[in-house]
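What follows is a group of structures, each given as structure tokens.
Shared chain: subunit A. Partners: subunit B in the first complex, subunit C in the second.
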Partner chain A sequence: MAKPGHLHFFIDPSRCIGCQACVQACSECDTHRGESMIHLDFIDRASSIQTVPVVCMHCDQPTCAEVCPADAIKRAADGVVQSALQPRCIACGNCVSACPFGVPEVYEDRKIMMKCDMCYDRTSIGRKPMCATVCPSQALFYGTGDEIERLRPHSAPINRFQFGQQTITTRVFVMTPKGLAGLTPHLDVTAAMDDDAPARPLTLKMADPFDEVELA
Partner chain B sequence: MTPPDQVPKPPSPQALEPSSAQDLRTSIDTLSQPPDGRPAHQQPAWRQDFPIDWPQDQYIERRDFVKFLTLTSLAFTVGQFWIAGQSWLRQRGPALPALRIAATSEIAVGATIVFNYPEEHDACVLVRLSADEFVAYSQKCTHLSCAVIPKPDEGVLHCPCHEGYFDLRSGRQIAGPPPRPLPKIVLERRGDEIYAVGVEVRTA
Partner chain C sequence: MATLPVDDRQITGQFGPHLSSMTGTRLSTSLEPERLVKTHCCFCGQQCGIQLKVLGNEVIGFEPWEEFPFNRGMLCPKGVKRYLQGSHPDRLLTALRRDPASSAGFSPIPYDQAIAHTAAEIARLQSAHGSGAVGVLGGASLTTEKTYLLGKFARVCLKTPFIDYNGRLCMVSAGAGNKKAFGVDRVTSPWADMIGSGVIWVAGSNVAECSPITTNYLWQAREQGAKIIIQDPRLTPIARTCDLYLPVKPGRDAALFAGVLQIMIERGWVNEAFINDHTVGFDQVAGYCREWTLERTADVTGVPRRSLMQAAEWWGTAASSFMLHARGIEHHSNGVQNTLGAINLVLATGRIGQPHSGYGTIVGQANGQGGREHGQKCDQLPGWRDISNPEHRQYIASVWDVPEPEIPGPGVDAYEMFRKIDTGEIRGLIAICFNPKVSLPDNTFVTRCLDKLEFFVAIDFFLNDTARHADIVLPGSLQEEDEGTVTQVEGRIIKINKAVECPGEARQDWRIIQDIARALDRPKGFTFETPKEIFEELRVASRGGVADYSGVTYEKIEREMGVFWPCYSHDPRTGEPIADHPGTPRLFEPGSYNPIAKGSGPFYFPDGRARFNLADYRAPIDDASEEYPVFLTTGRVVSQFLSGTQTRRIGPLVKQYPEPRIELHPRLAEKLGIADGEWATAQTRRGTITLRAQVVTTIRPDTIFIPYHWAGKKSVNQLTVAAQDPISKIPQYKVCGCRLRKADGPPDYDGQLEAQQ
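Right after this comes the complex of A and B.
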């Protein structure tokens, strides 16, 4: 069985409300029972409550598999990168260091790497991944390209990312504002980490919650 | 930037169906791409030995499979001849030297004598069953080589390591884990003296 080709995963971090529903749902997936593979990250916790759900992006050039010395990380024919093969994984943590998105995790107690596999038991038979079924704001959306175009007329999906010298295309899409998506051929992730990136086309001014407020 | 209607579709299952090994490799190029982006034939050889994608990883060429079957059967056949040859050599080996164990007067009925035969460290045990009956066996249990203890009263040889029992008259295993009878020492009576003259290894 393979993931149906017309269904795709779309992540829209701007819609994330940090409710943790995906984290809980993920731990109920049968491919990694009891462990949540999703990372709900705070962007800049001191100044913002913005969170972003991080699932495996399922790269077309899977760096985790490239660096695996034990040949343990495999990719299915439909492009879904799987967790490490249990008999092979030596829990060296190369994949953890290599993944540009910070997805894989090594479980030291059982000496294995586990990662998001897009709920392969579900998506391979045409169902949605656990996280996408529960996300109340649909920051995690699983469906066809037509659906996402109809539902998010002001956003456009991109799947090309730049990490320094490395360009990565992924099977999972990230939603960006339509105007921004038209300007850049890819999302420069490392540049976005720099606060004062000169070429950054979009900045969000956040109110400083620690500013002294004058009371009348 | 890719508009949603031009979202790149993963290759359909039909597209992954290989018509030959070469086709499979080229179709795999549409899946995981090496970091340098060069085509498959310019990649180092180890990439074909350790592929990332399932279809390539699980693909076994018919020729490789037949080769495996042939070589494995050949190895089994050669192994059989090897075993037969070893067995033949053992039977044809030089006769073992005779070793004097004891005089009949030195051993009472129901008593035992420990001796080494044919080599210095091959412990054996001689038991006098009755006035005219002598038996001798290697003392190494056929299970894990513990020393067996003869118990003439009970008519057995007992291995205390894993509770193995051998029949004292025949040396055959009667209880416990031992898989084979004890090697029997061929005895010869020369006048009043008992000599060990050979070892009879039995498989069942």
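Right after this comes the complex of A and C.
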């Protein structure tokens, strides 16, 4: 069975409330029970409550698979990149170093890499992944392109990402402000890490809401 | 005497809180459940639909219930891990009696012996000191059947006026405000009505952490054009992505509402036709608001003028709107006034009782709505009836088959009950679903009162912090071990279904209450065999009341996935039986009929009109001052619930946010020389607490926040003030004056207690 082609995974960090329902639900999965494959982090808790959930982006040309010396990482015909195969994986961690999104992790106690496989046990039979099912803000959304267009009229899905010289296209989409999608063909993920970052096509500014508060 | 039998830490060693974890059947990836039980989460007022995976007599996991219309499979982390409260090492499997000779302070005793001892002690106290010498404390996490039975038990079996419940800490300000303004106390509209609304104002509600499923409704409404206004001293996850953030100073909400209404009046942004045709009292309110100039409002509330203007413009000129509020404006000695201020903004626009326009409080507990309707409140009889109203008393007396004069009059609120314990008027206490030693303000006083009790019996599934003072502990039931109904945030009555049997000697709470009645030799009216039988009597008791459940059946709830009250068995116009009343998803629709107005208008007053009420601002009691210059405010985190009796025992939830922290702004931190992660000591006139600091820009620099889910030295309610609203009697948890400093060193519990203890 394969994941139905008309159903897609969308991440919208602007909706995320950091509640960790996705993390807790991921650890209920029957293939990796007790471990969560989702990364959910504050960007900078000191200055913002913003959190970002990251699942495996399921690259069209998965870097993790390309660098795997044991050929343990397989991409299914439906585009879902699987966790490392048990007998092949040598837990070398090449995939961990190579993945531009920082998704795979090596579990030293079991000597294997594990990562999000988009709940293949569920999605391959037409069901939604656990995280996107429970997500109270629907920052993680699973459905058709038509649904996302209808439900999120101010955002546009992007699945092309730039990491330095490397361009990556993925099965998973990230929702971006519609204005931004028209300005750039991709999200430049590493730009913010440059010392002399190029001007961004769109900058959202928020004034300090407490600047007028006086301390006694 | 109900002092602790042995040292607190010895009790903790035996009874926890210890952590449950995913082990054995709950870690296995090969075991298949025998069945899936469709039910609801045991925690907050959203009451998300969930399916529990059951194998043998154990809940081994969950599966989303995507068909249930409110949450469509969505759950917060508490819902995901709620199943881990079952099969817990701390679970009470027998009755206990206090036993200072035992190292853990308690010894198991046979259930029947515990019931007999309980009845003997109640009888002794009542014969020596009168019926009112024994009080009852209930809770809004109980099913409606249990709350109904508990109210009846207090009045009919114990004949005591003294019963109240932990909703006194939650919903009473909203309830009182709603009754004064609308004559009925319920959210007006299903949440789905928000989608398509023009503006949604959320006042004092950390939606993302306290009612997470409401988040998607807000975001979806925003996608489809709604402006979101958030009023909160903290920049919560919802506030981060809102359209207008009102960083209100704690305790100034009534001033904010008055100031905004004044702008709307000045600009002509009020609905005069609606005000004239459907309300009374506007002129008096308008007169009061004239005092609230833009300058004064900005000065008092700490909200910039431009933001007040923007709020007034969006709210005043919207085509449709929702006003939602929660404990942030209700937990105040001015809580009812704050609620009424919000309602005045709604009534001034006339946007109520329509698609996409509604109003309501977001309840905090599972049965925050149903638990406040059917008689466990001190002044109330079933169906939201008034215990002081002769007609109401007569009707309920007829349902209960007792002489009307035998039903006691009104009692007092939960906190006042503790004051009566302190003075010796109440000497015996029966408590269920309430952990006042953690949850009541100034809980050092509460603990002292517990120590004074001559006899204290607690019914619970874990030994909660309050029950440590008990003489007898009776092992009650987890939510998944019983069936019944609750009424969730929208006013939708839903069905809790049993997944497993009570373990050991534990039994369903309603059986325990009836066992006590039998042992007291007062079994009449307490011979129900099933929750359904209780519900059938409740239907009759609620008939003709404002909260009319008479047309609701278990079958109808399951068939329709919830029924909104009022739902009539008899047409309120004609008295003729109705075969299948559809319930009332939306209140106050034009032309709607209710039994109070009798057709004269949509609101629940004889003239059918809503009431504007003067919502005057009063400064908080024990406000910030020169001596205590910082505002202390309290609330929840997403992974914990109430006093933590359940969630501090669930491993993955504790790991998510292990211990309380003091949240403060870097400007305050710099001034006081406190760095992120360091120990800091907060002090009020009542107590001190030492916790680690969390320095973040997402809170007003003049305010600190501490979550309240922990016990003992980690309980922020050592610091909070027992000032109460004069009408609702809700405590002022959300503000008091406080001082903060870098701690001298780690607290004495550091390294000795686990995070959750």
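The working rule: the second predicted complex is superposed on the first by the 199 of 216 C-alpha atoms of A that agree within 3 Å, B and C clash if a C-alpha of one lies under 4 Å from a C-alpha of the other, contacts with A are read in each partner's own complex, and residues count from 1 in each chain.
Simple rule for what comes next: contacts are C-beta pairs under 8 Å (C-beta built on N, C-alpha and C of every residue); 3 or more make two chains touch, one makes a residue touch a chain.
Everything numeric in this text was worked out from a predicted model, so none of it was measured.
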Partner chain(s) touched by A:97 [first = subunit B, second = subunit C, both, neither]: neither
Between subunit B (first) and subunit C (second), which does A:86 come into contact with in this model arrangement: first, second, both, or neither? neither
Does subunit B (first) or subunit C (second) touch A:159, or do both, or does neither? first
Which partner chains sit in contact with A:8 here, subunit B, subunit C, both or neither? Use first/second/both/neither. first
For A:77 in the superposed arrangement: first (subunit B), second (subunit C), both or neither? first
Give one of first, second, both or neither to describe whether A:149 is in contact with subunit B, with subunit C, with both, or with none. first
Name, in rising order, each residue of subunit C that touches subunit A in their complex. 22, 27-29, 61-62, 64, 66, 73-77, 79-81, 208-209, 212-213, 215-216, 219-220, 223-224, 235-238, 240-241, 245, 247, 302, 304, 624, 626, 629-630, 638-639, 652-653, 656, 665-668, 671, 676, 694-702
Seen from subunit A, its contact residues with subunit C in the complex are 14-21, 23-25, 27-28, 30-31, 33-34, 45-51, 128, 130, 133-138, 151-154, 208-210, 212-216
Footprint of subunit A on subunit B - complex, ascending: 1-5, 7-13, 16, 31-35, 50, 52-55, 57
Any idea which subunit A residues touch subunit B in the complex? 2-3, 5-6, 8, 60-63, 65-66, 71, 73-79, 145-146, 148-149, 156-160, 166, 169, 171, 173, 181-182, 184-185
